[in-house]
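In the two complexes below, chain A is the common chain; its partner is chain B in one and chain C in the other.
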Partner chain A sequence: MANVRIAGTGMTAFGEHAGRTGRDLFAEAGIDALEDAQLDPDDIEELYYGNFMGELAEHQGHQAPLFAEAVGIDAPATRFEAACASGGTAVRAAVQAVRNGEADAVLVGGTERMTDMGTAGATDGLSIAADDLYEIKAGMTFPGAYALMASAYLDAYDADADDLAHIAVKNHDNAVVNEKAHFQSAITVEDAVEAPRVASPLGLYDACPISDGAAAVVLTSESFAADHDLDAPVSVTGTGQGTDNLALQDRESLYRTPAAETAAETAYAEADITAADVDCAEVHDCFTIAEVLATESLGFFEPGEGLAAAKAGETTRDGSIPVNLSGGLKAKGHPVGATGVAQIAELTKLLSGTHARSDALDDPSVGIAHNAGGTVATATVHVLERTTEVDA
Partner chain B sequence: MANVRIAGTGMTAFGEHAGRTGRDLFAEAGIDALEDAQLDPDDIEELYYGNFMGELAEHQGHQAPLFAEAVGIDAPATRFEAACASGGTAVRAAVQAVRNGEADAVLVGGTERMTDMGTAGATDGLSIAADDLYEIKAGMTFPGAYALMASAYLDAYDADADDLAHIAVKNHDNAVVNEKAHFQSAITVEDAVEAPRVASPLGLYDACPISDGAAAVVLTSESFAADHDLDAPVSVTGTGQGTDNLALQDRESLYRTPAAETAAETAYAEADITAADVDCAEVHDCFTIAEVLATESLGFFEPGEGLAAAKAGETTRDGSIPVNLSGGLKAKGHPVGATGVAQIAELTKLLSGTHARSDALDDPSVGIAHNAGGTVATATVHVLERTTEVDA
Partner chain C sequence: MSPEMRHNGYDNLLDAIEDGEGYYLACPEGHGSLPPRRVCPECGSRDLTDEPLPDAGEVVAATTVSVPGPKFADDAPYVTAIVDFGPVRLTGVVRGTDEEPGPGFVVGVDVEETTTEGERVVTFRPR
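Showing the complex of A and B:
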């Protein structure tokens, strides 16, 4: 497969942006990415755009051409929606377009405006990622769905719910130096364990926040990067997507995520890597249990060993495979449509040595992005590799 | 470019489907298409899916994996949203995936449930295709927007608003034999001219109805079609997409649609055809004026001559370029996400000689699909060609 270069990244702060519109947030991230790439809007041949629920949040569909205009791009603009994997599916389409020669330079981005909806509104909005007829109308919410998955995992492996706290503590700790993070504050295991329960066994610190934000990345072909003398040491070398039944009741297991396993298998095969080659990963930790399932589906740990590995510190900055050095969804925040794109931006900086947490990695060459929609009914996995030397 | 074969088509009736869910409608269309192709769900490697406003109509996002499951497909499933061009953007992605070897057999489809929303609810839902901040909050509706475009056209070319009636009469007349059409009844010019105004100068018969429905098409590579001995005489040989400012106020002209001109230019170039090669077209006539603008943007008529050509009968069954032999959005109906896919299904039958209106065409070889979102802020154009002999 032809390599696809990452020529620039941009991101708003993640958090509460009261009074700013989605187009405003996306314009900031998109222009930021273009400036980082030292390219003009006219260089961009396609916009791939992820958004989950602009219809509900801002009464605004058809955002792709509207937000293209906000960045100054006059090119085909296409919106992808796959619940919380909306950004990941947009990235996959962008990677395919560039490697197949459909376009030489594309912008891929995503946005979500959520805080203006309030907690109840956002929770209702997020629920459209599940099966409305058989789950939501029966009273399920997303914290409830992940609580079911957590309970099943803990039961199957005879594990302790309190151990999930280690993931929240790690991700908050990583985010302390991330200027774009929603929460830049550390927490303790006690904080997490003693916090109010949201949906037992999950407590307040097991859940990611409701955030506003936008992210964007410029992808180009190798030849475009060379012709324009771009500083683009990192490539996307593999992309995979998997699907599962939307409703939990239709799954064989509540504590495995085969959509992510399929996505990882495809992406690893394209990049010709194995899990052992991976130096760092940004995974979809909408809840702490989701990070456990992600690290198992990506092959970092055997099924049933992810939580113990997290407790043992294997995924911390000093561990064998640092996970969510950005702070993850848990602490960095989760403006849904932006998340899958922001993961690519974080990994690009980590592999380039320009990230606030770069000191946790020793000459890294491979990073993985894992983005999930709903209860992982959609998953995308991307392999990023440093393909040229980085000035130390 | 490698040809992309159309191996099967499926469609529900378009109209009111009270009490049926979107997944139910899509399952009918998807299974219909697979049976037409004589393929199994397991043969399908990707689902590309168009839907505009399931969030508002059914409180259901993340429809792609849910609806894949309804058809029995276990493969990556991706949803596209581009307002009324949602289906067209899904088709473009599907065509690109097959011609680039990302997948050998894909299902592309679309669904919309609208009638349960009621007229006011559907009108409000449709309005999210426009710029909420600068158009909708100022009181605009889609009939109002197209009325502005119609007024500008009629003023620029000193034309008569009553002439728009000829387009409604033609499309209703074409739909009389279309068993899937929302309206299978003829109307007269008098009916249209004397009907109540919806937004002056547009009257009731200038507007398409609010419909429920689903459509699906199976696309395969040439080699897959050959290996599986598929009956697939029609190929997609060109695909184009264009973008314009979302808000009318930001356009240079209210009576030109450059997004469609760009899409047509791209698609024609890929297929190596000109407008003169086209035998029939399915165009996006959400309002009668939209068909006029479409036929001009596709190069069938010079700017300012489309309405006069329609009045002169050039786009009727006996005319030089029959347009909307299916009945178009006007009479066949417009379940938004399904429309761009249904156009491909109709053209496939027209070029195969199996359509209820095939007698209008003498050995046709080239058909065009034109799908538009909003006030043509997004447009897709596809070129279909009969690439193998059809048994007469």
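Showing the complex of A and C:
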């Protein structure tokens, strides 16, 4: 089984790109990733592409061949859709393809164009990640679903909803120096607590923004990296994926995410690591409560202790396990299909020491990407490790 | 937005709830699920039978939605809740109470119309 190297990364700025087509956003990210890897489009043997709602956003299905063309790639191109985990599932498929020798060099990317839909349109579009019959028709929105999870968590552990604000404050603060982030501005706990409610107990600052953007990374086999003298010090050493009931009402617990637990268990086993080995993590904080559930599912904290740990600063730059040094979805932004790929791009820079927040880490070697779809009915976890030696 | 069409199974259940004859699907192991299903999601049994939906259930979690989707624009703010009826849980809009209900609040299930478009929606009212 071939080891998988990350040879290049590319991202558009995340934010509002009014009028820019998805194909143009992806072309920017894909070309950046290829240039970063110092490879040509002709070197790429497969495109794995994540996108959630291109049909709704810009009336464009069948995006993979179109977007391959936009980057100049003439190779098999396949789209992956798993709601907000679309990017993560594309990464996982790309890792598997390189591992099993089907391809030596692949481009994996994702795009979402959302802001032109407006708040109501995007809210409606995002809701299709839920069960249409038993959730959407019952008035459940995406923020409403996470609000139900938050409500259940706070009730189960007798926790204070205001404490969620500490996660929003941390992620905004981390994003201040991230030039690709949707928001590069700090907020206070008071800002978050006093903001209008979107779906109680969650307010405006508990929610990630609606963003446009694209991300791409080049994955190669270790032998390809050696043969082409690529600067690719970071490897993907573990990949895992889990599934849960789509509808919240069908789950045993509203405040646990077993799909992410399964994904983490698989990825950790492949990489032969434990949660204690992890130096930093990019997790799917579409809402503040989602980061709490993620850090518990990844084993950083026991169930019921994630929120208190966040309040105590354990996940800040100075904490025991820095989480979302990029700003996370919360402040970096969440162009849905791009998110899972962008996490890989951010972690690659963090482990390479080239990230704007690299000074928060002391010689890091292991990073984790946690990407979730819907209310975590799909979850992917990837383990990235800095392994400079090449065995080929 | 979902196209206007009938969804057999789901719409049959709403018809039954409107008639006061709500039901759920039960497998021989006692697992409950909601139609349309051919397989018990818990154990894989294909031997599913209709059983009467309990008359009342308890709120598991509730939220007051202030930013709705277009089909609920004129309904907001409204309360969405997941209610536990024992063998199955249902999601719907809570009506008939001014307070956002907490866990354990007892409700019955009905089918009413949304304010925005007059579409059928599962509702819960205090019992």
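The definition used in the following text is that the second predicted complex is superposed on the first by the 386 of 392 C-alpha atoms of A that agree within 3 Å, B and C clash if a C-alpha of one lies under 4 Å from a C-alpha of the other, contacts with A are read in each partner's own complex, and residues count from 1 in each chain.
The rule is short, and it goes like this: a residue touches a chain if its C-beta (ideal position, glycine included) is under 8 Å from a C-beta of that chain, and two chains touch if they have at least 3 such contacts.
Note that this is a predicted model, so its numbers are computed, not measured.
Enquirer: Under the stated touch criterion, which partner chain does A:Ser320 make contact with: chain B (first), chain C (second), both, or neither?
Expert: Neither chain B nor chain C is touched by A:Ser320.
Enquirer: Should A:Gln184 be classified as contacting the first partner (chain B), the second (chain C), both, or neither?
Expert: neither
Enquirer: Taking the superposition on A as described, I'd like to know which of chain B and chain C A:Asn245 touches: first, second, both or neither.
Expert: Both partners, chain B and chain C.
Enquirer: Per the contact definition in the header, classify A:Ser358: touching chain B only (first), chain C only (second), both, or neither.
Expert: It touches nothing on chain B or chain C.
Enquirer: More chain A residues touched by chain B or by chain C?
Expert: Greater contact footprint in residues on chain A: B.
Enquirer: Is A:Leu133 contacted by the first partner chain B, the second partner chain C, both or neither?
Expert: A:Leu133 contacts both chain B and chain C.
Enquirer: Is A:Ala120 contacted by the first partner chain B, the second partner chain C, both or neither?
Expert: Only chain C is touched by A:Ala120; chain B is not.
Enquirer: Which positions of chain A sit in both the chain B and the chain C interface?
Expert: 127, 132-133, 136, 245, 250
Enquirer: Please output the residues of chain C touching chain A within their complex, sorted ascending.
Expert: So the residues of chain C touching chain A come out as 1-2, 7, 10, 33-34, 41, 60-73, 75, 78, 80-82, 88-93, 100, 102-103, 114, 119-122.
Enquirer: Would you mind writing out the residues of chain A in touch with chain C in their complex?
Expert: Residue list for chain A touching chain C: 119-121, 123-124, 127, 132-141, 143-144, 147-149, 151-152, 155, 196-202, 245, 247-250, 254.
Enquirer: Within the complex, which stretch of chain B touches chain A?
Expert: Spelled out, the residues of chain B in touch with chain A are 21, 23, 52-53, 55-56, 58-62, 64-66, 68-69, 74-83, 89, 93, 96-97, 100-102, 127-133, 136, 241-246, 250, 373-374, 377-378.
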